[in-house]
Amino acid sequence: MRILVFNENHHELTRPEIAERYPLGIHGTVAAALAERLGPAAEIATATQDQPGYGLTPEAVDAADVLVWWSHLLHADMDDATVARLRRRVLDGMGLVVLHSGAGSKLFTSLMGTSCDRRWRHGEDRHLVWTVKPGHPIAAGIPQPLVIPHDEMYGEPFDIPEPDELVFISSFTGGEVFRSGACYTRGAGRIFYFGAGDQECPVYHQAEVQDVIANAVRWAAPTGPVGGHFVDAPSPVGWWER
Amino acid sequence: MRILVFNENHHELTRPEIAERYPLGIHGTVAAALAERLGPAAEIATATQDQPGYGLTPEAVDAADVLVWWSHLLHADMDDATVARLRRRVLDGMGLVVLHSGAGSKLFTSLMGTSCDRRWRHGEDRHLVWTVKPGHPIAAGIPQPLVIPHDEMYGEPFDIPEPDELVFISSFTGGEVFRSGACYTRGAGRIFYFGAGDQECPVYHQAEVQDVIANAVRWAAPTGPVGGHFVDAPSPVGWWER
Amino acid sequence: MRILVFNENHHELTRPEIAERYPLGIHGTVAAALAERLGPAAEIATATQDQPGYGLTPEAVDAADVLVWWSHLLHADMDDATVARLRRRVLDGMGLVVLHSGAGSKLFTSLMGTSCDRRWRHGEDRHLVWTVKPGHPIAAGIPQPLVIPHDEMYGEPFDIPEPDELVFISSFTGGEVFRSGACYTRGAGRIFYFGAGDQECPVYHQAEVQDVIANAVRWAAPTGPVGGHFVDAPSPVGWWER
Amino acid sequence: MRILVFNENHHELTRPEIAERYPLGIHGTVAAALAERLGPAAEIATATQDQPGYGLTPEAVDAADVLVWWSHLLHADMDDATVARLRRRVLDGMGLVVLHSGAGSKLFTSLMGTSCDRRWRHGEDRHLVWTVKPGHPIAAGIPQPLVIPHDEMYGEPFDIPEPDELVFISSFTGGEVFRSGACYTRGAGRIFYFGAGDQECPVYHQAEVQDVIANAVRWAAPTGPVGGHFVDAPSPVGWWER
């Protein structure tokens, strides 16, 4: 399995306290956690928005079975052609795991078809992640609830399509709730959105959060070849008789 | 529209403080609220488990377009034949609105196929009901969030099938979450489960809770005849050519 | 209820045999059928892609509760800003009924998030539309199956998200199948895709096809105000306490 | 992975031409196909309704990770307590793969909550199984379409809940359609219904049909322990704080 971890990497480069919290960048922290959990069979690469082509060159993306995504402030800066190429690869079967504020990225909103708007509050809410679909592979080994001591609040209404499978629902100190673990298939690609995490809190250093991301990567990985699933073609009577 | 409101009516008959809270019974309170909201076009009847045949005679049930259901302690006392008859009518197209502890009734669990088990806590949690599907007819006019000052906690994991449409998610003082507004179609019948309410709290006297129940009754009402939708019959080639 | 019927109107203006089949245009035929079925309470307007602003001016669209859509060859000619405005109104709660080749429109694909690619065959297949969700309002009064004597074949795999509710599945003479009646909610808007119909066949003159479209318009109409359902805003602790 | 293949085994014991078609019984044919595809890591056992306790003793069932099910005429003969025990194990996480006429079994209908009624026709329709969810693990390697030369027709409307994921739709010579590959989660258990197959046709000898069943078994296998996922228990405030 080949995994590409993308990070906007803007906070890390511009704010010292965040660089201190995430000395490897969020991408580096997530990549290291995946390497530890998925073992040597997983090839893990990273890409950041400050790199040429955002690090999302055709070579890099075409080599990925699963793309993990974190972005926040620079959604609008990514050019539409890159987004269209990424989206096409998801529809072709590449898995996609979108974290936290990546909900607002062009890639995720273009795959959902909705605004993905939601309430939010910077701060230090206690964030409880409840498993509502026990037995789902993404919930395997995750405590009930998963307690994140401090996190940004994301709250309903969250403008997403009805998930194909809803795995987690979160609550926050302020009483808000959030569909924080949602599975989708789009085209032949599997997509998982996970709400936890913010640059202001050490959420991605928490082992149980890392477990969820690793589970999600395994779940989202394609079980067959990427591409070739759909056609837009005339089909004469009897075409399927072989 | 003909509505039948069923109540176990056990607490009202056996505990004075609950009879005082609900002098009309929960069924009477709900029926009055529906009459006020649905107007004279709605014919509203009630049935209670202490009546002969639980008040759920074939005549009463066959005359109902929508059945509203509250039960709690006496689930096991209802005979299977009555439950089978009610279930058949739901599959034929009668709407069903199940309230709170009715989740554990034979009727609801036999339609869901699952245990409908859940966490719970008697007490006086602040119960916030969040609309996650704005624009849904059952959420029309409901505040975001609906605040129920005191209620029993019901918490995840709630052993229900993935809802066809999830309208409400609740949070409680203790940090628990609950899928408290869930839509299903089973056979030709529409089913709505609403988590709010307990005999220990005056929840069904709250106008906004009554609004939800009235919206749900409108949504669950059949749009055509009840029955005749499914067949289990041999069908010769060409049977559909008329 | 205010309904706007949009048609690309390209075939009618460029091919005499199609102008003869649809002397009012497909939009005019559909609008007349809706007027007959929905009565005087429905205000029905039409728009065609050859008009200034495609007839889809802000005034016209902001006055619509439901948009009915037919398009085919000129999808790429519609500018992105118009599509974004239409999409925003759907997310705000305007209903959308997309017919046949409209599946490939920018509006529909941007709401689905997928390519909406599918197999197809010009020709005269016998098209059977089977109701798989009896009791659904869109299937009310529709024969089982609805027989369209001659139609273009559209076949699986159809690259759409798993429908929230699947109402119709079609089969064709050639043995292909197609999910031809699919319900979605996106944002606060209800969307129905209906596969029947082609410019080459008189499908939209068939009464039962018109019945489906009228049912779909009723189903898709918003039950409350359009807009204001979602926020993307900071929310201080306690904001919801009133 | 431990797999239990159940077969009613009534036709094989009472009709020589069917014993000739399936000399190992349908259970034996399916078990051999699974053994070939899943390799030595899979422990495969069989059970038949003519055995004591239907072969579905607590020991046999508690040792199963996935149950494969075929039944037809003797649904009513199975006692409710056995069905309740099997259903409980599915909700606890055991996978279930139900074939063809097993749709009418007490086990499947009690998990679906619906009648599972459908149209049918003994005969020799050409049965085309179309993949509508390419990329789904159950469709991996399956031809598009899978052509079964002769099979019994099963047709819509099929009284099942909206599937969590719809993988296959079939068409038949007579023009009927059928949702023939449907995924559900109930409790913590994964359930797959597959429509193909009949005692009158050699369907289960066809390699591609065997491939589907093997894929389904892999998909339905639990990813964690069976049992312990749900509680029905009072939960004091703060119970989750550790």
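Order as written gives the chain letters A, B, C and D; numbering starts at 1 within each chain.
Please note the rule applied: contacts are C-beta pairs under 8 Å (C-beta built on N, C-alpha and C of every residue); 3 or more make two chains touch, one makes a residue touch a chain.
Quantities reported herein were computed from a predicted structural model and do not represent experimental measurements.
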Computing the C-alpha centre of each chain, which chain sits at the greatest distance from chain B? A
Taking contacts as defined above, which has more of them, B-C or A-C? A-C
Distance between the centres, which are taken as Cα means, of chain C and chain A, whole angstrom: 32
Residues of chain A touching at least two other chains: 128, 133-134, 144-145, 155, 157, 162, 164-165, 175-176, 185, 187, 229-230, 240
Which chain A residues qualify as touching chain B in the complex? 126, 128, 130-134, 144-145, 155-158, 162, 165-166, 169-171, 175-177, 179
Inside the complex, what are the residues of chain D that reach chain B? 91, 110-115, 117-123, 153, 155, 157, 159, 161-162, 164, 173-176, 184-187, 229-240
Residue ranges of chain C in contact with chain B within the complex: 93, 128, 133-137, 140-141, 144-145, 147, 164-165, 185, 187-190, 222-224, 229-230, 240-242
